[in-house]
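As written, the chain order gives the labels A, B, C and D, with residue 1 at the start of each chain.
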């Protein structure tokens, strides 16, 4: 990535996101004016391949982009990068005919792609979802309730995980235009954090789409392979939030005296910040390593390889999400005690940052699920150990 | 304590506090109707000595009372027990003439006592406060700004830490009736948690009180000795919040299945709850041990001993506050991931419980200060080690 | 307990145990001369009831005794207090005829009682043990292999957990004199720590004892109820080791300078020691609380109550062992980094203290088992929650 | 690195190191036969540049080499990679004339380079060392006592940090052949772990070397820049030890049943191993990222750049050592409880692995020092934050 591009993103965050904690924390209407502005600046589609008019940044480059956006506001970052998940699905499993117009339109018109996976009963066990699709002529009809889905209301396209009404073992991802009759936003979730994004409960009632809207291959496999992208970038959010906590701490310390000396010279404070900075460095390097591994897979896939299909969920991506959730929580836990009484008031952003950070560990599979996947995929089969 | 009394408190919490998370989290007007109800039931002054008409429960007994109230709402508990701090001050340093009418009135009329110590600049270093008092005839005049003070608005009496305008080394605690001219509530803090209580910024402008309103002895020593009571009961709040998290977890698990079995039978869930219950047991025992030590001191003081003066801050009380803050945070950190996506919404109380718990570590001296006090008072002087 | 008695124990530790880390770490021959000395001083049987000539200290008092002994050497402490486990069994389930001569002899002659529970295959699941007993006339014959058993070689009496050869559901604890033909010490374990004690693999080959040697009631219930005593005292060992680490740290810091100032004045060092002291306080209070609860049970049992039988494993005792193992590990982990390079050599006792501390978490049920028991016994059955 | 080369290292570890825990833990004579074998196989000098006949692997490649060696034995790994530190010094600050014969000889003859920095009084504050050098004609004379120095006895060349006897602000690194009169091995340290390496106290008494043996530039700067290499590879040792713990755990679980099912299917066990594997992945990626950064610096330095001089200690290298010490300790702490009673005996290698792992956090600057350096160099000067 040209450093110049990252500098522009950083500049955008400083200009358009900084100082708006209250705004973003207030469940702002979607799409936000800041999202529109990011698009106007030509930065919203940093990840869209050049052949569709995007900036073509890799996932590795996206780690730093997302960290900068999340430094500004984690919810904004989340809403901004989540289309990457749908983008990977479309590009690698959708076929050119389905993918091109959508990705082109993101660049020209703006907008979002949403992915609808989770359901209330199924929880983390996607194999238990009950949203179904059935063929009717050359159309597919989808019905079901989806639980947590981000960007859905403002998106042009929804990618829905469903199972065949005829064959419970047949899972599909199906592209459903947002304006398809039967798509209903039931409610916007009043989440604890990342409130700059919009997350929804959605109902699908006999939504009809052309049969060609089914992405190629098993829906569960598509989701599994593509989630690598979003899990890595969720982890990158933790980097941005943690950097913000560090800088707030240094700003605070610059104006605070303890026992007659500036807080910045206090050894216990220094130890906390040294630990924080260390964790930030480790978190970022894990995100980058996972992203580099995933980028390599995408490259071979683009070149006709089958790596992406076969790879499934990457250890490094699981580790990035799990570890950054844990290390990020350590950072905000320390941070939430650093600012004295003032840090326990709404006047200080640390309360919001704690809530935002919590999302990293929860979304797209909690800690228990991450550990379980790592164990089942990478510890048990000894040949995969290194 | 008669088990019967504790059962009444428990019953009160179940009847009057349970199910009102939103109400208490919404900065309810002070005093709350629930506080009035507690007084009407004759329970509000559980800790007031029998000679003044109270129920005369010890601090040890108060640990369980506070745990039950905090199970209902931590902010309500905090506002309810904090008068204990002022009560200890009045009883042991105020002299009968000053103490009796105030404590009697708590029983007959209800109301609160507030303590005003912290200031913006001084932070945790009370030796740096700038609120002053000066003698003028047989009156004392107080002036200064106080930062965080709970119950102040609804209190009948304020106990103010101030230093002599003439002698910077002379600190005093002075009783100032709430309706003294010059007492101004600057603002109510919009705290992150314990929002069921009212916490204020207060300005004192030439508030005049009789010279007899000065409590006997050094103000810093009075505060130090008395803070043992409130630190122990703050720690007891953590026990109540943690118990609530545990019960919410069990209720959730009862209705949730994972891999075809009830979550209650899942080994990883069991391990988390086993750890949680263990910490609850240890937290409670530490609170009780510290309280028993402090009660013994109060007893010798009541019998004319000088133990309370000499004791200063107790190791066990410091350890209770520090440890319960840490263990409590471990409990809510685990809890905040237990409830899946729903636990990340405002529909679930866990978000509030995380915020409430954070207060335990922050109020009346953060973790760094607790560690420092333990070290300086109990590790360095080897003769105090055991 | 008279403070005088505890002072004698402390004096014993200072005189007979201090400075002998190498000796105790070298698998000294059992019984050690120090054990003989403790008996000569009349202190070895501090816990034996007065009616048998002992000092009659409660388990609560024993917490401090064990802490002092473990301050000197954890292995010595472990070997010294473990007979308490057998003593509780004999006294409360053995009947006066079986108990009296054994407990009397401990006082007059010295010696130990050993308990043989664990087996190689069964691990922590005692219900899977394969050591059997069968009746032959008025005798019982025992056969089987026992895995980890402390004090066995030097003990006069072995209390063996076995199951009926005829009825696999019938478990018994049977008293087997050490000199019974067929008792064979297979090997002494070369443990990582607590090497001042002797722990053995033992084989029983058709060991015949009078049928009256069977203790009354289910063997599993007897063990469960009695293990409360040893688990609490194991936890008390952690207190003693932790106190030793603290004092070594302070001694080291007294002679060490960092950046031109004594290490004792370094804020980061102070924070570590403040945390350590806090944990020591909490650990000790948990041990005492659990012990007080168990003592109350023993008192009701001695008075003819059935509480001991019914109680089974106490939450507070499980919590004491689990928590002290965890907090103790935190203390030695910190300690093992405190002494610079020298602390990484055999010239410094910290290496031994780390190894000794590890035992607390492992012996008589690891952390997973403790959490599981707490969950199954005290979280699931809501009526037991408090 | 060709995968083939790494496979050879792995094969060496499996053939020559595996199963020899007792041997390496027994302070084997230096150089060990295994070290000779590694040299015979042409692998010992994997890191020596190709122009001197070595295999020319980068530090990044060395991370995996060291991880494999440490999987076999951490002490062996430590002794094997530590010459990299001296190698970097010689190559980048020694000048071709000094460096060539030494590095050539490592390849042709074998042997080691030792670095002598630490002293008893100075501890981690190298600025306080008292070993001096003084010029006498065209010779330099060195005198002083060095505290912890690995490989010294078996090394051909010693690189000694000393300060000018005339100018206390002038620090130098001076190359002293091992056979220089006045070099005395005072004792071999009886370390707690990494006992497969040889670490010594050394005395230098008027050791005379040609003035050309002084490396170019400030000794403290040379050491600081070069320590990046060894700190990264120390961190890589933690990866190898952690991988060994994981594999031991899986081997153990394969043969162990809990509640009627294989331990490998137990959810709590799976969670522990999933966490362990995650940490291994993160540790390794941090080592690689730091190594890649350092390799880039070395490349620019080799091309005549001044980056190495200016860079000083790298954040990523500090973070690698600090984090891998912490995460490694988490892994062995978990591991040390995984193997039941057997894991607490000398029959099981976990005890040794705990001791070996401890070294990572201690050697070349403890955790406090790492945090302090990260803070002072990378947090305080805001322009270096990212």
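Keep in mind that, in the parts below, a contact is a pair of C-beta atoms (placed from the backbone, for glycine too) under 8 Å apart; a residue touches a chain by one contact, two chains touch by 3 or more.
These numbers come from a predicted model, not from an experiment.
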Touching subunit B and also subunit C, the following chains: A, D
Chain of greatest Cα-centre distance to subunit D: B
Taking each chain's centre as the mean of its CA atoms, subunit A sits from subunit C at a distance in Å of 51
Centre-of-Cα separation between subunit B and subunit A, whole angstrom: 41
In subunit D, what residues contact two or more other chains? 267-268, 271, 368
For subunit D, which residues count as touching subunit A in their complex? 243, 246-247, 250, 264, 267, 270-271, 273-279, 281-282, 285-286, 288-290, 315-316, 318-319, 322-323, 368, 370-376, 378-380, 382, 385-386
Quick check: in the complex, which residue numbers of subunit A touch subunit C? 266-268, 271
Seen from subunit A, its contact residues with subunit B in the complex are 118, 123-125, 147-148, 189-193, 256, 258-259, 268, 329, 333, 336-337, 340-341, 343-347, 351, 354-355, 358-359, 361-363, 366-368
